[in-house]
Amino acid sequence: MFDYTYLPAPNLIPSIVEMMLKIVFIFSMNMGVFAPLLGWVERKQSALMQDRIGANRAEIFGFTVFGLLHTVTDAIKLLTKEDFIPRGADRPLHYLAPFIAVVPSLVAFAVIPFGGKYMLWGHEVNLVIADLNVGMLYVFAVASLATYGAVIAGWASNNSWSMLGSMRVGAQMLSYEVAMGLTLVGIFMVYGSLQLTTIGMAQENFFHWGIFLQPLGFILFIACALAENKRTPFDMPEAESELIAGYFTEYSGLKFAMFWMAEFLEMVTIAAVLVALFFGGWHIPFITHQGLIAAMGYLFGANFGAIAAMIIHVAVFWLKVVVWIMILMLIRWSLPRFRFDQVMKLGWKIVLPLALANIFITGLVLLAVR
Amino acid sequence: MGRLIDLCKRKLGDTVLSAHEQHGDETVVIRKDALLTVLRWLRDDDAMKFDFMMDLTAVDYLGTRARSERFEVVYHLFSLKNNHRLRVKTLVADDDPVTESVVTVWVAANWFEREVWDMYGIIFKGHPNMKRILLYEEFEGHPLRKDYNIRKRQPLIGPEN
Amino acid sequence: MENRHQLDLNTELMVLNMGPSHPATHGTVRFFIKLDGEKIIHMETEIGYLHRAFEKHCEDGTWSKAFPYTDRLNYNSAPQNNVAYALAVEKLMGMADKVPARTVYIRTIMCELSRMADHYTNLGAATLELGALTAFLYFVEARELTWDLIESVCGARLTSNYVRIGGLASDLPEGFAGKVKEVFAKNRVFWDEFDKLLTKNRIFLDRMRDTGAISRDDAIAYAFTGPCLRAAGVEYDVRKASPYLAYGNVDFDIPVGTTGDNFDRYLVRMEEIRQSERIIEQCLAQMPSGPININDAAVRNPSKEEVKSNMASMIFHFKNTIEGIQVPKGEVYVPTEGSNGEVGFYLVSQGGGKPWKCRVRPPCFALTQAMGHMCKGSFLADIIPTFDMINLIGGECDR
Amino acid sequence: MGVTREERNIEAALGDSVILTQVDKVIGWGRKYSFFLYPFITACCGMEFMSVAGPRYDLDRFGAALPRFSPRQADLLFVVGTISHKQAPILNKVYNQMAEPKWVFAFGACVCSGGMYNNYSTVQGIDTILPVDVYVPGCPPRPEMVFDGLLKLQELVANERSSKWPRGKSQYEPRVKR
């Protein structure tokens, strides 16, 4: 056992290497695994729910790989599709919008811890790209930037449906951004920090998971997160039967695919935030962080044991994320969508007051406990 | 003669040009100028109470009748309260295909009258929006008239075939 | 008030063209909408994108040739239109009471089966457009099973062309009653699942309740019929008001709503599926045996064997095909209860083998007319459930 | 139309270059399993189209399940149901709005040839106003037939040369601008 509080003087080169590796890992997880794969998961999961088979025909040399190749064919098709800009559109903004939509959900991942702290050969590895002390505030700030992508897309397209879609995005995001921030205040009060790594460490004890300490906050957060994600039942901005395709009606090919990707990445981010805040992050229930490292250290020696523990923790984290993504998809495929004014009503008249009440109750309980 | 026909004849007198009953369907033919008053009476009178205008259409009797009686505008009425039906007809001439609009009596007549205008070219005086409904404005002629050839196409795009 | 608020904020109304190629308009309707924000200030409906000259075609061919065209009126429930037309022609020929009892029962069964298929499609499509794709697919499968039954009777899934003047194209297949039992058992599971997913679903309730409402009086003035009229609280169903086919001999209820909003329309349709099942089960239990065709070679063609062996039969076959069945001079209007409301055929015969006029009263024509009235003042998104519950069928509305 | 003479010449000069054909093959493979449909549904056939997309027949198996109601995002124009003369300019417009590459699927007898509606209001086959790739007759066609047509289209797409694109606008303009 080494002293966990002991921090070695930062060694520049390992730190840079560590940083690069983490960025590459998160980026490849998101862009390489989740963005393309979620399309497949969504297809297959909906097929399963609807008693269908789902995409399974695309093949290379007779191998269909459970329809996974459809992801590749979709990518090829979308890459070779004509890139279309409507007459009267604002060209630069029309180009810019999809990028603005995609980037925030990637960047938001910077502060989400996907593992704890490990000592490897005297160098401390902290599995989060940027351990900001404002943590969640940064996520909020960045996530709200994604709204601009949708709003600009609708504005730049010079199309009534797009315009309506982007107006809906604007109003919806504005409403739920506020509520979302307030639902999490309870969590911050309980754990006494905005820093996601601190919140993560505080959930080492199974009964200290966010879901047990903040059940109401959790439910409210789910509602807000779904609304932020713009998927059914909150998909007003792109409601197919109302607005054709909403703010991206006039986008084709790759740019359209980017909006799609943005939606999927947002879903990953939401699932990751959910796990980090409410479901114990990288922790396995009833096994402490140090306990696992010690056990692995006993098996493989201190350094390799730490690596093994690290791998297990990262795997657990992503597993939880995947489960949450599945649940989000389950919701998406079973519920009808709200009407626009009902969404607003839900946001301002139900979620917001409840969030405030949650803060109040949390405060009272904390006061009583201390 | 049916009960409704008797009632009509007694009340309306000579505005009923003719009446007949066939297969249990009672029909009265009404003079064109009295149409609105008669229909209003049919709607409001307690013994009649025809609150539903189920159907409104026209028939082109080209070649089988005098040209002054070429078209018949046919109203199918139904009374919910009394559960009875009546067919009311009025005759429209070929050279002056105009009759009174009954939109003020039954709102439902609106589109039905537009359809009759579209298909038969009968104008309904007093209709709020006498435009084609099933076909397009550029279409010439009225296809359900017996002298319109079924295959006479008037495409908006593409070749004439 | 409305105007002043606009002046103050210096806002404009947005004019939007919805359709005809819009996911919610079924490809056959165009809405011109004036929007204040998302609120509908004025709405106009344009139809006619599926006008296929039904009446002209009927006048062009013989009496029997009209059957395939009637199939494609309300294509969701083709046998109903077949039956309605056949009933009208038979009445015009004065042989309505000569149609064999078995035929009457089979026709009733086919009508109700297609009503079920129609309601499955309608309710499913409505949920699809409200975003609940999974529920939609449950009912697509239920409809598929119902179509299997229809297919086993007449060989076609959708456009059946099954009924003939004075009879039917074919008798029920063997073991039909058993198959019906199986299918109904499966369909009830789908029905329950659908019910569980939606009827008490808060989101669905919010979308359907108090939207597209029409009062009892307005519904009557607009000549509403069918589920939409009954949802508004008027207990009118042709099957009860003037029973035709075997409806007088079976026991069933007509569900009636109170508010006339979309949710009531939904409930009425859900219940009607149940009632149709009841009717079919009773019909199968009461099913008489005997011939299915009227015994009159001048109306219903003799069998193929006879045509090939008997001179007189061959002449009838020839004359029925070339000249058409001879219908005496006269006119007739026969109302029947279609899935959307009263389907009435108004036939005029000048004697001879061709109809002089063959008019169908299209129920959803009258319903669609009231769209502007029902949607005024509501939100853009309300058009979707309202329009779905109207169940506009292009073929029937535009003919 | 959209392709200039010069471009065609470049195509011709490169001819059956191995690289180009291989690229074409890969692109063709990608495209054939990834049709995003634009369901232009007007009439009876739409009911069968529901079944085609439904659980029993499941169009998604062929990778063609995602309906995009924005023509910009669709590749395959599914014309389902009778096209009347009133509708024809709209169909034409939708076709012109679609981003290349685009294919047209004629679903049902009415779309192929006018079917049983040889009358004043019905277009006698949409190939009179735009190019059609696959014809599936039937009134309405059974889902099995639709799949047959789709497989034929996949074959066609797989063997397509990139020189075929862009296809350009429909050669017809509406007589009346509205």
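Some notes on this structure:
By written order: A, B, C and D. Residues from 1 in each chain.
The definition used in the following text is that contacts are C-beta pairs under 8 Å (C-beta built on N, C-alpha and C of every residue); 3 or more make two chains touch, one makes a residue touch a chain.
Bear in mind the structure is a predicted one, so any value in this text is a computation, not a measurement.
Each step here moves to a touching chain, and the least such steps from subunit C to subunit D number 1.
Most remote from subunit D, judged by the distance between CA-atom centroids, is B.
Averaging Cα coordinates per chain places subunit B and subunit C 24 Å apart. If you average the CA atoms of subunit A and of subunit C, the two centres end up 47 Å from each other. Rounded to a whole number, the gap between the C-alpha centres of subunit B and subunit D is 44 angstrom.
Averaging C-alpha coordinates per chain places the centre of subunit A 37 Å away from that of subunit D. Contact with two or more other chains is made by residues 22-23, 48, 51, 53, 56-57, 137, 141, 398 of subunit C.
Each of residues 55, 69, 86, 119-121 in subunit D touches at least two other chains.
Those residues of subunit A in touch with two or more other chains are numbered 50-52, 240, 244. Pairwise, the chains that make contact are A-C, A-D, B-C, B-D, C-D. Taken in their complex, subunit D has these residues touching subunit C: 40-44, 46-48, 50-51, 53-56, 67, 69, 81-82, 84, 86-87, 90-91, 94, 116-117, 119-122, 139-140, 142. Contact residues of subunit B toward subunit C in the complex are 22-23, 25, 27, 51-55, 57, 59-60, 64, 74, 76, 78, 80, 83, 85, 87, 106-108, 110-112, 115, 119, 132-136, 143-144, 148, 150. Interface residues of subunit C, counted against subunit A in their complex, comprise 14, 16, 22-24, 38, 127-135, 137-138, 141, 197-198, 201, 203-204, 206-207, 379-384. Residues 85-86, 88-89, 92, 118-121, 123-124, 128-129, 172-176 of subunit D are the ones that touch subunit B when the two sit in their complex. Residues 26-27, 29-34, 36, 55, 58, 60-63, 65, 68-70, 72-73, 75, 99-101, 166 of subunit D are the ones that touch subunit A when the two sit in their complex.
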